[in-house]
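Note that chain A is present in both complexes that follow, paired respectively with chain B and with chain C.
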Partner chain A sequence: MKTSVQQINNLTIGFQSQKGQQISILKNINTTINKGETVGIVGESGSGKSTLALAMMGYVKHGLFTISGECMFHSNNLLEMNNKELENIRGRKIAMIPQNAGQSLTPNLKIGYQIDEALKLHTDLKKTDRDNKISELLNKVRLPSPETMAQRYPHELSGGQQQRVAVAMALAGSPELLLLDEPTTGLDVTTQAHVLELLNLIAKDTGTSMVYVSHDLGAIAQVSDRVIVMYSGEIVLDGPVRSILKNPIHPYTFGLLKSIPKLTLPGLPNSMSGSQPQPGSIKEGCSFYDRCEFADKNCKINSPELEYINDLNTHVRCFRHKELINQNELNSQTVKSIENKILKNEILDLSNVSISYAKQKFIEQLINKIEDKNPTVKDIDININKGETLALVGESGSGKSTILKSIAGLLKTKDGIIKFEKDKELSSDLRKRDPKFLRAIQLIFQNPDESLNPNHTVEEIVAQPLKLYFGLKGHELKEKIINVLDKVRLGKFYLTRYPRQLSGGEKQRVAVARAFAAKPDIILCDEVTSALDVSVQAAVLNLLQELKEDFGTTYIFVSHDLAVVRAISDRVAVLYQGRLCEIGPSKNVYKFPSHPYTEVLLGAVLEPDPDIKPKLVAEDIVEEKPPENGCSFQGRCPRILGDICKNEVPPWQSTENGNSIRCHIKIDDLKNQQTLN
Partner chain B sequence: MKNKKEKQKNTFQKILEVIKTMASKPSGLIGLTILIFHVILAITSPLYVPYDYKAIDPSLMLNPPSSEFWFGTDSLGRDVFTRTILGGRTALTVTFFGSLIALLWGGSLGIFCGLVGGKIDDVVMRIIDAFLSIPWILAMLLIVSLLGTTTLVLIPALGFFYGKGIVRVARAATHDVIAKDFIVSARARGHSNISIIWNEILPNVRDAIMVEGAMRWSWMLLGFSSLSFLGFGVSPPTPDWGLMISNARGLMSFAYWAVLAPIVGLSSLIIGINLTADAFAKALGIDRSTKAPV
Partner chain C sequence: MFFLVIKRILLGLITLFIVSLITFVGVEVLPGDACTTYLERQAFGAALEACYERLGLNLPAYERYISWAIGVLQGDFGYSLSGEMKINDVLGPKVKNSMVLASASILIGIPVALLLGIITALWRDKLPDIIISTVTIFSMTIPEFISATLLILIVAIWLEWLPGIVIVPSEASISELLPNIILPVIAISMIMTAHMARMVRSSVIQVMASDYVQMAILKGVPYWKMVFKHVLPNALLPAINVVALTIAWLLGGVVVTEVVFNYPGLGRLVIESISNRDLPVVQALAIILASIYVSINLIADLMTLMLNPRLKSLQIKK
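Coming up: the complex of A and B.
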């Protein structure tokens, strides 16, 4: 019999609406966290997963209150304790690691001091013992040279290192239970894989129980023993990680897994229709009824209970789970593979483009030139054909968004020429650009919350390009707006809504509609799906693809997510520190031989499958500046040859697959080395 | 055209909603009541004042409050009640229009600086800083003694000096939205600066600027009364609270009523405006006093 650390019984947490009704955010949660176990809680935004994690610490957000139930830590109910008692438990017995370590560390205190503070609070060690303990903790989280690290300030560390410090601080009180709220969400793919590996090691070493909250099934698959899937404030599935991710017996999990793009299965994933219901809007029946493919009449009237299935050691909340048990559809999943009509006409040509963020000196301003030997982005040569989808891939700081901005005219280029339709040179200054080229190139941004003016209605938002470029007015304008919204599957009644009244997916659809209203030739997509939930992401990707097929638009698609890029693009350009590493048809880039950096990136991709582990080949050091000489990737390259990489810019080499690699290592050698592993 | 009407109706509904929210909290309700009371008083008081405000009668000097003279009489035998209810008229008018001017020039300059940034912003803000370092009352005295104390001088002068602070607020509020993607998106589409200010920035900074303007109003009221107190605001015999306090302050020890009535008038109006401005800010969702979430 396993000993439990925490037991949650019938927990319901909610708030009082303005009309005086009690609305539940969490509904009747029952679960147990056992000793030494890592439990992943997964769900889309608004599913109540963070509220549940906070309740496990005995904390209920302001405005919410416990309606019923208890949260037992050993034999004490955390939700009934007073602050004094909770202080003794928090940090010592239960610790939490927040999402953004950069913001949770105090910026003007040294790392060592901050860990020392945690130790003072949670242990009774003396000064010298504490100093030793700090080194020990920093060692434990695999930070290099702990002594010097302790003397640094948070801003001197990279995102991954900051997150490691947060882990060290949480471990300071040797807690029995560690709560992690989306601890890797803001990190780069390679860093994320390293942090997850660290968490696995710590779980093994210390025997701490962990609760890992995330929306990312890939990350959950790597760390968890058990997975809890939440939907609309309820646990819908709770069981061992393998059975849940490989053979889900709840339709929601099933749909969720199908909507994740995977490297192993190229093509656009199927999207789940609809969105999560608002809290309090479900009166009767199953909360997933509206989106469920398997629902019948019974599901509409009665709400299913959490049922235990002995064979699978799984709890499930579904009437029809039996029909799903033997469905192996997940393995024979079909995806829509994309086929774009690519014309041979070149639509955009970047030659030798360099971009610098360096400040111009006075004399340079006079002669309108920038002297910067080591610009942020250098020597970019890309041709884009009409109707093509080109993806720019790289980690943060790789210059992919910078290139987009220059194409849009928002950022001046230092050198190089951007040509539109072969012969029309685009000025890198927006004000000097011809309005018809401005219309031809439209942008879609990452975060629709920021890209839509909160004080404009949907009608006003979509009207802007129509008024600006086509001078439409009155009736004609309104008709056109309705027409454009219809293209992105938004009905007439959205016209008067404000962005805050829309869901994330709907907002992004409005942003897409605004871009398409200008009838552009090229759309620049800057991480358009990374702020969205997976089921919504699939829908937006599908929408973009359909629109492309209708209008023949060319996309330049920037993303850090290799699986998404694989799903939607024809051609991929891999960037590191503002330099091109590899470019070629996407189906070939994902095959070996490839540039060592592409290899590192591909190895770090997390698939929602516990049996596919990421391959960590390089250290996750973050370089702030590109090297002045030689190959851009020399600092982290696992296959570095020696001085030649440090002194000489590598040449372009073509592989038999048709992609070009910029590396000193001979193609055949690369192929041999990479296929060996 | 139908569209425009609809929009007007929407704006009207929004204003009504804001006022409703303001009145739903006791402090907002009290503030609004005081403010509305003062405004109504200022508009209607000439219709029902019991006595002539400039009628001097040496035989009635410094009479204490009585059923005949509710607030007593002053050192020249004038009725204090009459002068008190009339005394807010000039102050309210001058400061109201002064605040409007402050709001307009401060707001537009602030937004402009926030939008263009760079050198122009630097230069303008240093000039504003330089003005902020000059004691405004000295500068005001200079202006007033050169140009006279007519309302046509006072309104723009007060408006100028109280608009400097609004420049900073408007600039900061603009900086908040300027980095947002919807502005970048409007720029990439090729909208002109004016169109960006009008359509994208103004709706997002309007609330902050209006709340700041409301706060400035109460400060300006105090400033205007100080000027009158020093003899540079309203010229006698026009009744004014600042002037009344100044005239009666020497006799405070034995004729408290002559100084108390204008003080109550002035401070209640300032408190009323402050409470209203706070409630206004809360109703618009700009809470100046909420604590950071724990």
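Coming up: the complex of A and C.
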């Protein structure tokens, strides 16, 4: 018999609506966390997963309250404890690792103090012992030079380092249960893989139970023993990780897994229609009814209960789960492989482009030049053909968004020329650009919450480019707006809505509609899906692809997500520290031989499959500035040759696959080394 | 850091220079000058010439500005018209009196404002917050000439607890002044305190909702320790600049209140010298008020720099 650490019984948490109704955002949760077990809680935004994790610490956010149920830690109900009792448990028995470590460390206190605070509260150690313990903890989370690290303020650390500090802080009280709320969201892929590895090590070392909350099935697959899938405040599936991810018997999990783009299965994933219902909007029936492919009449009227399936050791909330058992459709997953008509004529040509963020000194402003020997982005040579989708890939700081901004004219280039349709040079100064080029190049931003004016209706937002570039008015304008919205599958009734009345996916559709209203030749997509849930991401990717097929638009697609890039792009350019590492057809970039950096990135990709482990080839050090001489990747390269990499800029080499790699190592050597692993 | 301080001080000096130019030019372009105002109907012939001679008004404007500016730099504002006294002698006691009034208001107002702001934030939407917030909003909306008059009516006339108007000479010592300033201080600090308390409240609420406070709670930090270590240092940082602005704004409030209470301070002097067209005094007052304004904001900026680790280390790195 396993000993349980925490037991949640019939937990319902909700809020009081303005009309005085009780609306629950967690409904009747029952589950047990066992000793030494790592449980992944997965769900899209709004599924209640974070609320559940916080309730496990006896914490309910301002405005919410417990309607019924209990969170039993050993034999005490956390939700009925007073502050004094909770202070004794929090940090000592149950510790939390927050989503955004950068915002969760108090800005005015040094790292050392914040860890010391936890030690003082939860251990009886003396000052000198505590200092040693701080170093030990910082060492345990593999932070370099712990003594100096303890003297730093949170903002002086990188994102990955901040996350490690949060882990060290959580471990200070040697807790029995560790709650992790999206601990790797927002980190770079390689950093994420390293943090997950660290967490796995800690779980093994200390035997701590962990609850890992995430929307990312890839991360969940790497750390969890058991997975709980949440939808609309309910547990819909609860069972061992392999059975959940390989043979999901709930239609939601089934759809979710299908909508994730995978490296092993190139092509656009299937999207799930619709979005999660608003809390309180479901009066009867199954909450997944609207989006379910398998639903029947019974599902509309009756709500299913959580049912235990003995064979699979799994709880499921679905009337029709039997039909899903052993349905091997997931393995023969159908994806739409893309086929773009790429014309031979060049539409955009970047030659020798460098961009610097250095502030111009007074004299430099006068002669309109920037003296910067080591600019943020350097020597970018890319040409893009009409109808092509080119992806720029790299971690944060790789200069991918910077390049997009320069193409759009938002950022001046230091050197180099950007040409449109072969012979028309684009001025790097937006004010000097011909309006017809401004129309030809449109930008879609990462976060639709920030890129749509909250005081404009959808109609006004989409009308802007139409008025500006085509001078449309009155009836004609209205017709055109409806037409454009129809293209992104938004009906007429959206015209009068404000952005806040739309879901994340709908907002991004409006942003896409605004870009397409200008009838552009090129659309620059800056991480357009990274703020979206996976099921919505798949829908937006599919929409972009359909629009492209209709209009023959060229895309330049920036993303950090290699699987998304694999799904949508024809050609990929890999960037590190503002320098090109590798460029070529996407089907070949993902094959060996590749640039050592591409190899590192590919190794760190997390597939939603517990049997495919990431390969960590390089350290996740953060470099603040690109090196002045030699190869941009020298600082982290696992295959570094020696002085040649430090002193000479590597040459371009072409492989038989047709992609180009910028590396000192001979192509054949790279191929041999990489296929050995 | 050091260069930044120097830069800020230089900017402050430039501001003062521009203020002095504007007031000087303003006084210049007004119809009439000090002598015509002073001599009124006798402003012609020898008397006017003699006056010009005496005040040096026959010199070209830029020379007068330079000699005036040099005087100001040495702390000499020249002569007032009406009393034919040295402005320094006129200003001295009034500056002192206004300072007593202003500092008493600040010394009482800021701690009270912080306390009220923190209480309302920590007991947000509970009874203490509701009561205090209602009162602060109420006292924020009443202009000080009304609240001052009401105070005189209630405390001085109906209850007869305190003198309604101040009848001490400008040269009175601080101990003589103190019983007289209670009502003016209340009138001045009411609006200021209410403003600051609202500001502190929203700042504390914002920090209380932050991820790092949630983290501190979940780390098991006791409530009051969390408030003092994690919340207040971060919440009060943005409040510093607002407090500075409120203090600077208080100078205006002092002017009105001093007139209502007949208090012998700068405020009354401003009104008097404007109505008497005593232009040299107006000029001197403009410079003094501007320098107080500039230095308060300078101090606030420097304090923010010192207290914010983010800005501090940014400067060290560069």
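One rule holds in what follows: the second predicted complex is superposed on the first by the 676 of 677 C-alpha atoms of A that agree within 3 Å, B and C clash if a C-alpha of one lies under 4 Å from a C-alpha of the other, contacts with A are read in each partner's own complex, and residues count from 1 in each chain.
Here is the rule we use: a residue touches a chain if its C-beta (ideal position, glycine included) is under 8 Å from a C-beta of that chain, and two chains touch if they have at least 3 such contacts.
Keep in mind that what you see is a predicted model, and the values were worked out from it rather than measured.
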* Structure fact -> So, after the overlay on chain A, do chain B and chain C clash or fit? They clash
* Should A:Ile33 be classified as contacting the first partner (chain B), the second (chain C), both, or neither? -> neither
* To do: In the overlay, answer first, second, both or neither for which of chain B and chain C A:Gln464 touches.
  => first
* So, A:Leu532: does it touch chain B (first), chain C (second), both, or neither? -> neither
* Touching partner for A:Leu198 - first (chain B), second (chain C), both, neither -> neither
* Asked: Touching A:Glu156, do we find chain B (first), chain C (second), both, or neither?
  -> second
* In the superposed arrangement, which partner chain does A:His62 touch: chain B (first), chain C (second), both, or neither? -> both
* Asked: After superposition on the shared chain, which partner residues are touched by A:Leu119: those of chain B (first), chain C (second), both, or neither?
  -> neither
* Which holds for A:Arg433: it touches chain B only (first), chain C only (second), both, or neither? -> first
* To do: Using the touch definition from the top, say if A:Gly409 reaches chain B (first), chain C (second), both or neither.
  => first
* To do: Determine, for the stretches 5-13, 59-67 or 149-157 of chain C, which one clashes with chain B when the structures are superposed.
  => 149-157
* Asked: Overlap of the chain B and chain C footprints on chain A, residue-wise?
  -> 62
* **In the complex with chain A, residue positions of chain B that touch it** => 3, 180-182, 184-191, 199-200, 203-204, 293-294
* How about chain A: which of its residues touch chain B in the complex? -> 62, 408-410, 430, 433, 435, 438-439, 441-443, 445-447, 450-456, 464-465, 468, 474, 514, 518
* Of all residues in chain C, which touch chain A in the complex? -> 209-223, 229-230, 233-234, 237, 307-310, 313
* **In the complex with chain C, residue positions of chain A that touch it** => 54, 57, 59, 62, 83, 86-92, 95-96, 98-100, 103-109, 117-118, 121-122, 153, 155-156, 166, 169, 173
